[in-house]
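There are structures below to look over.
Look at the two complexes coming up: subunit A is in both, with subunit B in one and subunit C in the other.
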Partner chain A sequence: MTSTATVAPPHTPSTTPRARFSSRISTNRFGLLLVAPVVLLTVVIVIYPVAYSLWISLTSSNPITGRSRFVGLENYATALGSGEFWRTLTLTLFYVVCVTVMGTVVALGSALLLREKFLGRRVLMALIVLPWALSTYAAAVVFRYVYSPQFGFSAAVSERLGLDPSNILAQGSVIPALALVHAWQFAPLGAYFLLATLQMIPEDLYKLAKVDGVRLMGRFRYVTLPYIRLPMAIFLVLIGGQAATAFDLIYFLTSGGPGGSSRTLSFFIYEETFQNQRLGSGAAMSWILLVVVVALTVGYYKVALRVGNRDMKEET
Partner chain B sequence: MELTRRSFVKRMSFAALAAGVGGPVLAACAGPDKGAAAGGAVLKAPASGTGTMNMRIWGAYPEFVKERAREFTDSYGTKVDLGVVAGDYPSIIQTQLRQNQKLDLFYGLGHLPKGWNTAGWLHDYERFWNKDKAEAEMLPVVRDALTIDGKLIGLPYFAFVNGALFANKQVLATAGLDSWPTTYDELYAQVRKVKKSGASDTPYLPSFWSAPYYGIPFGFVQEAMNRGMPMFGAGGKPEFDENSGGVVDMLGQWRDLYSENLVPKGVLTFQESDWIETFAAGGIAYSPQLQYDLRTFNDPAKSKSAGQFVAVPQQGQKWGMMHMGIYLTGNNGQSDEDLAQAYSMAEYFGYRDRKSGEFVVPTKWAAENNLTQGYAEVNNSPTVEKAVRAWLPDADEQWPILKDYMADPQYAKGLYHTDWALEWVSEASRQLPQAVNGDADIKKVVRTLREKAEKLIEEYGE
Partner chain C sequence: MSIRRKVVVHVAAVVLAAWTLIPLVWVAIVSITPPNEFASRPLRFWPKVPDLTNYPRLLGREATSPSGKVLEPSGHSSLIVHGLINSAEVAVVVTAISLIVCVPAAYALARLNLRWREAGLLTIIATRALPPIATTIPFFALFSSLGLSGTRTGLVITHLTITVPLLVWIGTSFFASLPAGLERMARVDGCSRFRAVTKVVVPASGPSITAMAVIAFLTSWNEFTFALIFNTGSTAQTFPPALASMFFQVSVPTEVAAATCLGLLPPLLLAAVFQRYIRRVNFVGIQ
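Our next item is the complex of A and B:
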């Protein structure tokens, strides 16, 4: 009896059909699938709320009465035709200018100081960042006591000097007073931004400028400034945008008072939306604020670039 | 584990399926439409506690509330999820109500529930098993305030006079004053005398603070009402105007107080804590304050002139007006069982302990913190009287004065029982400081406030 042994080929090709998925999904599609969750999240977290707020701004609704209707651009027209809106917008712009100027001066001054080598520089570097590390609420509480004409730091200083304690949060001075706190808190960020750039400027440039007889201000103008223009522009955009949308500091320190003297557009939007439940009006004003912030940002960049181009022309 | 295209796509398919199922599930969690549990027969008190009820409060004495909540859990079995809401309490709670969030029991103030009830965000207490008994025991002004659209809207958390006129005896003695003012005109005349005598540089601390619990609008309404000026009629109709003297003259007096530096600088940006601390620091002759803070002012740990602060008697004209906190229950479509548990918790905190039949929590509030209650039986109880007399200066003279404040106070029902009271007081908190500091013409401010009320009536209806 003979037997026939069947010998299987050593490498039989697999007869298993290829996976359905892989045959249908190309590498590009697979890539798209990978980013799909992020896209989905972006749609849910960013695009949908933004689109929804745009829709709300075109409606007039009152949750108490339950009435809701489409009003088109009426909320925008009402806001733009309201004296209160322009008053709060003007206050906002004033606040932005104050915060930006104060913040930039403090940030630049701190950065220039920290670039120098002196005893205790490292300690000072750590101290300067402290305001930035504070929560806005804590900063507001601190400055309530600093500004208080009854038992505040400023009152104590005034008394020592034999002066009458003044009300720093009075209607005429409340915006600069608030801006000072805001700048105090935000300036450390700018200081570190600028310091990083300042440390990259070759020391030889300053030496050459000195040899050429360029004075201190001239060295700042022709050596330092060209280097820090870009980080400065970024800082200005950041601090300007932050100031334009500031809310928490104002809420904790003055609640928009006295009598609306520190009622910026952000605060007005908060009141309309959350206290008065006028979602349409609040959303419309938010969009107008967005336009203002974008305009400010573009304006900052244009000015920075224009000055930069002018300097380049002068150099050539 | 290696991630292949196949395994990734499979997992994503499961995720998509889960999301498809999860969406409706989450939607279902939002609860049925408003009003599903509204109306119906009177509920029975639950035999035992089940599950967890949430309670939202503002930041006053959270430890005290926490302790009472623990006692409630021990006694009734229902767990309490207690949350302290920081910041702009009315706006935050209003937003949560609008979003249909679960709010079993939460604090409210007198001017808040009318609009919330109109919106269908609240459960009234018509189905509360002890509703009739509780109503019968409430002070008449409290019962009236808590009855909205003919229904009991909640149970009282506290009831005291906002704007009770307090005096610092030490300052008055230094100024040589020995008689109490009986009207606002006399009060302001005395304030000037105190300043002239040199006993105080800023002898008066008014309710001019504007944030965030509406100090100045409350001060405005209460002083006008106490002076006998018509303010708000039925349906919130404004009865004041810029042409008939009244409030215009009153605001003129306020501006004089401010411009003559009779009031502390910075008062317009005070917060409630500044208002209390400044008076407690001494050196001020008179101040309209929250009645319950009399204990704070006479507490040596919190006040520099403890033992010197007393309430000015009401001799014809009243000082201040009734101010009340309310326990409210949100309507998020909960079942009758859950509603009964919420009522049970409200009953324990805002009425009698069902097991002992005593006013347990209200009495503790009044005795330990001088937080007077919406029930005469609590406020006049021997326990509370003994506790108050222990710290009250000139107790034999002062105890009847404090009782008199609570006897028949003013209440701004015409304003508070409108759907738009919150919006009007917000506007008033911005307008009135401008009348005081001279930023705006007084007549214009009064006209703006009247027009605001008229516009709101037009929008909301009477």
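Our next item is the complex of A and C:
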């Protein structure tokens, strides 16, 4: 991204005194003036609370008296030493993998489809914005009606097929079932921006590959994939981050159940903080969650970019 | 295109449309299912006698059922109506503040050669990585001492923590995609820096700013975690926690379905109307 030249020509003709004044202030000052409100707001409503939560994570408060005392790293030590914490963290990672795989398959599939010409393409292009517009909480409410064994759409379909309507949100299948809802909601965003990249690939490349006898999968591997590698990496980071911190969807569909089988770290933090009133412990765990998310993101980018570079070298 | 490919593409299109629409349409169907047909076996895909009475009853009116019986307003109507009004108020204020603050900043970050530009942009975007559940904890402590729990003001503040970084991010990529030298032309014509922005840049980015506004509104309208933790049960309760309370209380599923439809209609309509602008959101623009 390049910034455009905004240096004024030496003799800018100015019509009003105000124009003359504001032409004289430097680019940097003018820019700072425009950015200042966001900086101020970010400091007050984001950076300060986050710093404050770091402090909270080092304290232990008594839910009855409300008094808190400094305990150092005790909350972190307790969290890292508890089996339940590791169980919820593992569950979170499993959930992230499920959401990422399903979301990517749907997003890439939709994008590849929408690149083709077919009847009703424009309508479909507009339709797929709907799940995205709903956010995850609303998607969860909607899927309550799809999954319900008493009155769900899935129950109605399995009845027609002569199957017993089973409870999709049962212990064994609850994580993939939740991940499906998340993928349903988030994939349209990925479809749109993968499509934007796909449309930049020159048609001739495919024709050439076809002439050379490269099959469909090969054309995807050698023509399409190099183009979409970066947008894909960004989409994966976005959806992975979303999944790692998912809360509302789980609250609505299962509330961590059945039997804790969908208690991800986010939900565990919610229970610990707002139901058990242990703010310090909740804050400590949310910092660990943040560190995990950031570490995974940075690690993933490193790997993705290195693989990308290696492939480029192979091809040249 | 070969016939085979054509068939495959059309079948895939039908599958994608079904995948997208079935969950939404199903909730709407449940919401117009009369109580005596609800959950009766075998499950029906369309009610014999569609019954729209849930909607007026949720909005606090009496309604006449298809069999001619006069039905009382729903017991949850004030919960839902207040929720919808509060959501609308909060979302409008959040959208206005977000735009006022973010449009100039995004412009400056995209088009001016500022010192600290990269660092500033990165910091703002990095705040998006914060898990919402993690930011609720300090706000919970701060709001109880400031008396902002259970107020619309408090909720607006928490929503701004999400919308501001988001809009700066997408706004910066929007403004960066405008043709270079746009301002210089205006400056040559005698505009001041400020007027070059208001008279040339802003009008040229109408669709982008509209998309930013729609995204801010949707984000606030749909926000659940903060609203649940800070405003549940208060007079400032927005729609999502209101729906949650109705959901987890004793309630009729068809009525909950109708309430869901009422609350989801605004974002769905907004997204459908402005989808062309939303599609231009480019999350890849900033590298």
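Everything that follows uses one rule, which is that the second predicted complex is superposed on the first by the 272 of 316 C-alpha atoms of A that agree within 3 Å, B and C clash if a C-alpha of one lies under 4 Å from a C-alpha of the other, contacts with A are read in each partner's own complex, and residues count from 1 in each chain.
Note that in this section a contact is a pair of C-beta atoms (placed from the backbone, for glycine too) under 8 Å apart; a residue touches a chain by one contact, two chains touch by 3 or more.
Keep in mind that this is a model prediction, so the values were computed, not measured.
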{"item": "Partner chain(s) touched by A:Gly218 [first = subunit B, second = subunit C, both, neither]", "value": "neither"}
{"item": "First (subunit B), second (subunit C), both or neither touched by A:Thr197", "value": "second"}
{"item": "Touching partner for A:Gln275 - first (subunit B), second (subunit C), both, neither", "value": "first"}
{"item": "First, second, both or neither for A:Val39, with subunit B first and subunit C second", "value": "second"}
{"item": "Residue contacts with subunit A in the superposition, subunit B compared against subunit C", "value": "C"}
{"item": "First (subunit B), second (subunit C), both or neither touched by A:Ser286", "value": "second"}
{"item": "Touched partner set for A:Gly72, first subunit B, second subunit C, both or neither", "value": "neither"}
{"item": "Touching partner for A:Gly299 - first (subunit B), second (subunit C), both, neither", "value": "neither"}
{"item": "Subunit B and subunit C contact sites that coincide on subunit A, given as residue numbers", "value": "19, 21-22, 25, 30, 34, 144, 148, 150-151, 251, 274"}
{"item": "Subunit A to subunit B touching residues, read off their complex", "value": "19, 21-22, 25, 30, 33-34, 36, 62-66, 144, 147-151, 165-167, 169-171, 174, 251, 253-261, 263, 271, 274-277"}
{"item": "Residue numbers on subunit B that touch subunit A, as the complex places them", "value": "5-6, 8-10, 12, 87-88, 90-92, 94-95, 98, 115-116, 118-120, 210-212, 264-266, 268-269, 271, 274, 277-278, 281, 419-420, 422-423, 426, 429-434, 436-437, 439-440, 459-461"}
{"item": "Subunit A-touching residues of subunit C, taken from the complex the two chains share", "value": "1, 6, 9-10, 12-13, 16-17, 19-24, 26-27, 30, 38-39, 41-45, 100-102, 104-105, 107-115, 117, 120, 123-124, 127, 129-142, 157-158, 160-161, 164-165, 168, 176, 180-184, 187-188, 190-195, 218-219, 222-225, 228-229, 240, 243-244, 247, 253, 257, 260, 263-264, 267-268, 270-272, 275-276, 278-279, 281-287"}
{"item": "Subunit A residues within the subunit C interface of the complex", "value": "1-6, 8-9, 12-16, 18-23, 25, 27-28, 30-32, 34-35, 37-39, 41-42, 45-47, 49-50, 52-53, 56, 106, 109-110, 113, 116-121, 124-139, 141-146, 148, 150-151, 153, 155-156, 159-160, 184, 188-189, 192-193, 196-197, 230-231, 234-235, 238, 241, 244-245, 247-248, 251-252, 266, 269-270, 273-274, 279, 282-283, 286-287, 289-290, 293-294, 297"}
